[in-house]
Structures are given as C-alpha cells and as structure tokens.
Amino acid sequence: MGAITLEKVTKSFGDVDVIHPLDLRIEDGEFVVFVGPSGCGKSTLLRLIAGLEDTSSGRIVIDGADATDVPPAKRGLAMVFQSYALYPHMTVRKNIAFPMRMAGLDKAEQNRRIEAAAAALNLTDYLDRRPGQLSGGQRQRVAIGRAIVREPAAFLFDEPLSNLDAALRVGMRLEISELHTRLKTTMVYVTHDQVEAMTMADKIVVLSAGRIEQVGSPLDLYREPRNLFVAGFIGSPKMNLLTGAAAAERGATTIGIRPEHIAASPDTGPWRGIVGVSEHLGSDTFFHVRIEGRDEPITVRADGEVSLHHGDTIYLTPDENRIHRFGPDGLRLA
Amino acid sequence: MARAISTHRKALNTAIAWLIAAMIFFPILWTVLTSFKTEAQAIADPPLFFGFDWTLENYTTVQDRSNYFRHFWNSVVISVGSTLLGLALAVPAAWSMAFVPSKHTKNILMWMLSTKMLPPVGVLVPIYLIFRDWGLLDTQIGLVIVLTLINLPIIVWMLYTYFKEIPGEILEAARMDGASLKSEVLYVLLPMAVPGIASTMLLNIILAWNEAFWTLNLTAAKAAPLTAFIASYSSPEGLFYAKLSAASTMAIAPILIMGWFSQKQLVRGLTFGAVK
Amino acid sequence: MATKASRTAARAMMSPSVILLLGWMLIPLALTLYFSFLRYNLLMPGGNPFVGLENYEYFFTDPAFQTAVVNTLLLVGGVLVVTVVGGILLALLLDQAMWGQGIVRILVIAPFFVMPTVSALVWKNMFMNPVNGLFAYLAQSVGLEPFDFLAHAPLASIIGIVSWQWLPFATLILLTALQSLDSEQLEAAEMDGAGPFARFRFMVLPHMARAITVVILIETIFLLSIFAEILVTTNGGPGNASTNLTYLIYAQSLLQFDVGLGSAGGVFAIILANIVAIFLMRMIGRNLDA
C-alpha cells in the first residue's frame, strides 16, 4: 500500500523558497513522474517525500499516517539515486541484502528474495562481484534490486537514467515500466526529460520554480496544456508559440501549434515561408521554416519522403482544431 | 607524455641523487651499524664500516640494565592508546562536519586547528600543576590524555578530508535502506573510509611516538616512553655508543617502517589538506 | 542539506571533541594568564600574592630573555633557510628521471621519522663529539684540529641537527607540489622558447609558491617550540648560548620552580606563535570549501 499525500508542503533553504505551498495526491499503485527544468524543485520534493529533507511547513501523509517527522529509515520507502549510490565495499549480493539486514530479516528469506530479484533483473551471474566491476546499466539494476527486496510502500527514483548512454536509457525505461506493471507498487519518478515522463507516467506533475504547473495524464498534458509553460515543456519537438496577428485573429494573445499539427506543402497554404534547416530522421522530416515578418522560425513535422530543401518556398496549413489559445496571463483559453 | 631522456642524463641523475640520499640517510645507517659493534669497536680509529664482529650483545645489555622493553611498551601504549581514543572522538565529529555541514563548520575546523598552534610551553606550567595535583604525573593515562588532545585536531582534519571524498548519496541510500545512524557509520561509512582511517592512524602513531615535549616533562622513571628513556643517555657513564645505538635502533625502527608506508598521506595530514 | 534530526545528531556527535578541546585550550590558558600575575614559586610556600606586571618586568629585563629571543629567531630562520632552499633543490632533483627513485625517496624521508631525542644524541655523540665523533676523525684525517661543535658553535650545531630532521618534510611537500605541475604546461613553455631557467623561474617557482609558504608557516610553528634537541645536547648552554624561548621558560618553570615568571614567558610565547598562526590559518582557510 502506498498512497502519498502532500498537504500545503513548503521548503525553504534560508531565505530561498524552493517549494511554494503545494498539495498533491499520489494514489496507491500509481506511476507518478515529477518533471521540470533543472532547479524547479522536483528533486527537493522527492527528498521531502523520502524524509532526507525536512518540510518547512505542511504535512506528508503516507498510507493515512502522518509521516512528516518520521525519519527516512522508518518511512518504508525505497529510493534509487542518480549516482546509484551502491556500497562500493560490498558485493552485489550484500548490496541487495543490506536493507533486509537492517530490517533483521532471517537469512533464508533474504536469500530467497535476493535470488528472485537477481533473476528478474538478470543479475544472477554478477552476485559476487563488486559494483566497481559492473557496467552502468548493471549498477542501475543492482540499485533497483536493492529497492525491490524491501517490498516498500513506494519506490522513489531520482533521475535514475541520466548517467546512462542513450541506447541503455531506452532499455531501462522499458524495464522500469515493466517492473511497475508487474509489482503494481507506487512509483515516484523524477526527471528533467519530458520523453521519459510521457512514456512512463500514469500521472505527470509538471513543476516550475517550486510550483505545480499542471497535474494530469500524459495525453491530458499533451492535448490540453493548462498554460504556456506546460505547452512549451511537453512535446518534442516543442510546440510553436506565435503572437501578433496570427494570435489576434483567433482571439488570443498567444497561440500554440505543435509541429505535427501543421501540414506542409510546396504550393498551397495560408502561411508562406522559406525552408531553413531541415532535419531528416528517415521516418519524419523536421523543417525549420522562416515566415516573413516573424523572428522565430516555425518547426514543422512532415513525412520522411517530402523533398524540400534549404531556401525552397514552403506553404503551411495549421490544423485549426488543434490550435491552443492562451490569454495575456499565459493561461489556456477555453 | 613522458619524454625520452638520454641514458647518459639518467645515469647522472641517478648518481647525484643516490649520493645525496646516502649522505642524508647515513646517520641512521651508522646508528644501526654501530648497534652491532662492541663498545670498543664503536669508537675505533679508523671507524669500522662492515669489517667488525657482529654482535647482539648491546641489545641484551640495554634490556638487562634498564628494562628497555618497559619503555618500549610505554611508547606503544601511549601512541596507540592516544590514537585510538582520538579516533573514537574524531570519527563522529568528522562525520558531522563532512556530511551535515553548517555555516559554522569551517569556523570550528579552523578553531580546532588553532589549538594545535598553541605553543606547549605556553601551557606547560598549569598542565604540570594539574597533573601533579591529580596524580597524573608519570602515568600512562596522563600522557594518553595529553597526546590525544594535542593530536585530536589533526585526526579530525584528516578524517574530514577523507570523508568529504565519500559521496553523501551513499549514506542517504543507507538511511533509505533503513539503517540507523549507528549502522550507517559502522557498516557504510567506516568500511568505505578504511584507507583514510588507516593513514590517519599511522600518522598519529608516528607523531605520538616521537612527541618529545610532554613526554619529557610529564614523566619520570615509571611511565617514560622511549623519547624520555633515550634522553637519559645524554649524561652517561663509561663507553655507551653501541648501547645508545642499539636502544636508538629499536626506538626508531618500527616508526621508520610505518612512516615509509604512509609517506603519501603524510603530506595531506601535515599540511591540513593545504597541499595534496 | 539535511534534516533537523540529522543536525541534532551532528551537534551531539561533534560536542565531545569540541568540549574537550575547548577545555584543553581555555583552562590552561586562563591559568597561565592568572599565574603570570602572581608571585608564585613552588619552592617558597605561602600565599601567592598578586604582583601585577612584576613577572613580565622580570622576564623582559632578564638578559637571558634577549639572548633567548635572538636564539629563537636564529634557530627558526636558520633551519628555514636550510630546509626550504635544500628542499627545493632536492625536490627538483628527485623529480628527475632516475633509477631507484622510490628507494632514494625513502632514504631522503627517513630522518623525519627519527624521534628528536635519538637524532640529537646520535649527532651529539657519534658525529660531533670532539674525541670519538666521526667529524673529529674526518678532520684529523685531513690534518685539522677536531672542532668541539656543541661547545664552540652550539646554536649552529643545533640548527644543523634540526635541519637534518626537517629537510625531509620540506622535500616531501615540495616534491608533491612539483609533481602536481602539469607537464603540458612546461612543454608549452618550452615550445614558446623558454629555457630551463626561465621555466623554473616563471613556471615551476610560482607553482610551488603556495607549498613553500605552507612549509615555512608549519615549520615555524614547530620550530618555535624546539625543546628536546636542546635539552639533550647542550641544556641551553654553554651559558645561554643555545637557550631559546621554549627552553628558557622550561628552565624558569620546572628547574627554578618560578611558576609566575614561567607563566609570563608562556604568555609571550603564545602571542608570538599566534602571529605566525594567523597567517597559516588564512592560507589553510582559503583552501577549505566547507
């Protein structure tokens, strides 16, 4: 069981408010991702839940019990750190056993769980090695193994994939998602990478400057970003944001249109521009189009086979149903 | 990239360096050699280098006449005792400073260091009187206390610099894994810091073993460690070079060996991390 | 970055060391200061009346005081010159390519580990003794009169002995600093046309400046308190010829049992050491990123 509730939680270091009063409910079994640019307070928020930092005010409730003043060791949560934080002087087996040793589990049970975790994580052959002899991906698995065996109320992940290379990252992303499907335990995951957030989360919490910008499922955030910040942060490549005449004629201060919601054509369309850089990914092509009278280029996704080159004239047609409209305060207009 | 150096040049470097090293080391070598001579051979004219009758007689004589091993044992108890006591005090302190730093940490470290700069002679009189009144003069425990206190700043400092190199996340991981503070220090921090703790121990045993102000002023016959015992040879009777050499050789040999092992860490310890 | 609980634990775990050191510093300091204003001699029982600055007056007007100050400065200065200059040269030598570098290093470092009473006695008897010492033998073998070092040049002899003990310290630290110099920098300088002396003057020496300062300051702290070497070689003599401040205060306190006078001297020694300590602490503090 692992429902976590934050009630009016704040955190300040000296005069600096890192977390502004914040309410959040994490349901049991949910995969929640905290995402935001660096310095937005997402890691601090995770450490508050872990108990590695004190809240300045507010309450943290875990499974219905007030855990605000409970030390980290007693919260029943497991954490996977960015640096993995394996114990370098212990073998993989001892690393995984450590939380159970601290809990005073009997040896037979410890071994049973270690074997099970090792089998699930492909670590069986490495149990007697030290962390220093493992690759990055294997270390990551050991860290996860150490978290699993505790059978915690919830897992906390602090940017666990940021030290892995791109190929491994995709693989581990899948493994963690699978793990969640299998264990059905609450997971709270911090990342600055919106792709990780979109692919893994049941619920995304977008943070900026210590405040929650929006909470919702990945598709909610994609379809209906609540404000300009979320609009610009979720989605890759980023949403095009336009002001001026284009916005005004649609009754907004700013309008946003995603690159994938613009049709490109060599001869017809309401917006005429010149192709700047074009990125050919094979399946897709991204054109950075310069439109007369606008400083910012517009990014457009087109089919991989579209053949337009630097300096060619291009016509763009936005999908009117998928234009996001924002008011002067940056909030979404209904 | 090391560059190629002519063999000729290297040979010259080697010759000069070995000559100078031999000169610097010679007094120690000479002491060791003399310890195996008879008293007459020790002052022979011309001096004897290797062509003498090697004897262990001096070593047994020194022990028989002056109960050498009692002083040796005093040195062991005092240096090891003060180091262990110092570590017991310093490990928690260094943990606090390295992993829970506050805005006062730097000031406390600097202040601890400043106590090390207090000239011993400045506090000789009160310490002597306190020791006299409390019956601590010429006792092992008295010296253990004093040497613990004078070396505590160095131990805290060295441990602090070693602990700082351990990532705090690992200790946090232990906390998340359910470890109490005691388990965190005992099972995670200390095993990881073993090399640092070992060099701290070595350096402090060396410093305590060779300390020659308090050991000379606060002991008489009973608790005198080797520094004080050797000093008693300053007004000897009769021929004594070979015996002095034997006593000296035994006094410096263990420390010389430990010192050679810890020479790298020595720099960090003796300069309080100012040179690494 | 921590919790209230861990900050509380930290304070508790730090307090034994802090309290003990605080006691070790404040109690004797306060007593020394207090005694320095009393007429207090262990051989003369009775009250210890408050006499104001009388002890300081005696201490500063004692002819031995001036000699001791001069001797202290000569001792510190002499050893510093020998060990720093010698240490730089030795460090440069040991940094060169050679065979058996490890062994050479070990031999050079060895004297630092010899306890002060041993090195003083070995030098006094087996080398400097005018009858049986090796120096006397060497002098005679080239037809010179043996020289009684400790009788005729006591301070210089002690400077020699102490320098032998501290040369390894300076060498070791300067060598460590030297080895941290990026060899690419030197190669770049060479490409820029700098000869060996220019490279030493403009690259190596500035790089070592910090280490040299540290050596000077740390040695000064220890050298101000030289005691055992004097005690076992000359007992401060002949006359006061090799008495430094530390030895003078020791003699007044524990040989003449004049607690008041010794304490006044102690206060002076503390002030002197603090002047050096302030500079050293600044250097170390700058390097501390706590």
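Order of writing sets the labels: A, B and C. Residues in every chain begin at 1.
Definition applied: a contact is a pair of C-beta atoms (placed from the backbone, for glycine too) under 8 Å apart; a residue touches a chain by one contact, two chains touch by 3 or more.
In this text, all values refer to a predicted model and were calculated from it rather than measured experimentally.
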Central chain (distance from its CA mean to the mean of all protein CA atoms): B
Chain located farthest away, centre of chain A as origin (C-alpha): C
Distance between the centres, which are taken as Cα means, of chain B and chain A, whole angstrom: 54
Chain B and chain C: spacing of chain centres that average the CA atoms, whole Å: 16
Whole-Å gap separating chain A and chain C, where each centre is the average of the chain's CA atoms: 60
Junction residues of chain C, two or more chains touched: 1-2
Chain A: positions in contact with at least two other chains: 52, 71
Footprint of chain C on chain B - complex, ascending: 1-3, 5, 9-10, 13-14, 16-18, 20-22, 24-25, 27-28, 30-31, 34, 43, 45-47, 89-90, 92-93, 95-97, 99-102, 105-106, 108-110, 112-115, 117-130, 149, 152-153, 156, 168, 181, 206, 209-210, 212-213, 216-217, 226-228, 230-231, 233-234, 240-241, 244-245, 248, 251-252, 255-256, 258-260, 263, 266-267, 270-276
Contact footprint of chain B on chain C as seen in their complex: 1-2, 6-7, 9-11, 13-14, 16-18, 20-21, 24-25, 27-29, 31-32, 35, 90, 93-94, 96-101, 103-119, 121-127, 132, 134, 137, 141, 164, 167-169, 172-173, 176-177, 180, 183, 187, 210-211, 214, 218, 221, 224-225, 227-228, 231-233, 245-246, 249-250, 253-254, 259, 262-263, 265-267, 269-270, 272-274, 276-277, 280-281, 283-285, 287-288, 290
Interface residues, chain C side, partner chain A - complex: 1-5
Residue ranges of chain A touching chain B (in the complex, touch as defined): 50, 52, 71-74, 77-79, 81-83, 85-90, 98-99, 102-103, 146, 150, 156
In the complex, chain B residues that touch chain A: 167, 169-170, 172-180, 183, 187-188, 191-192, 194
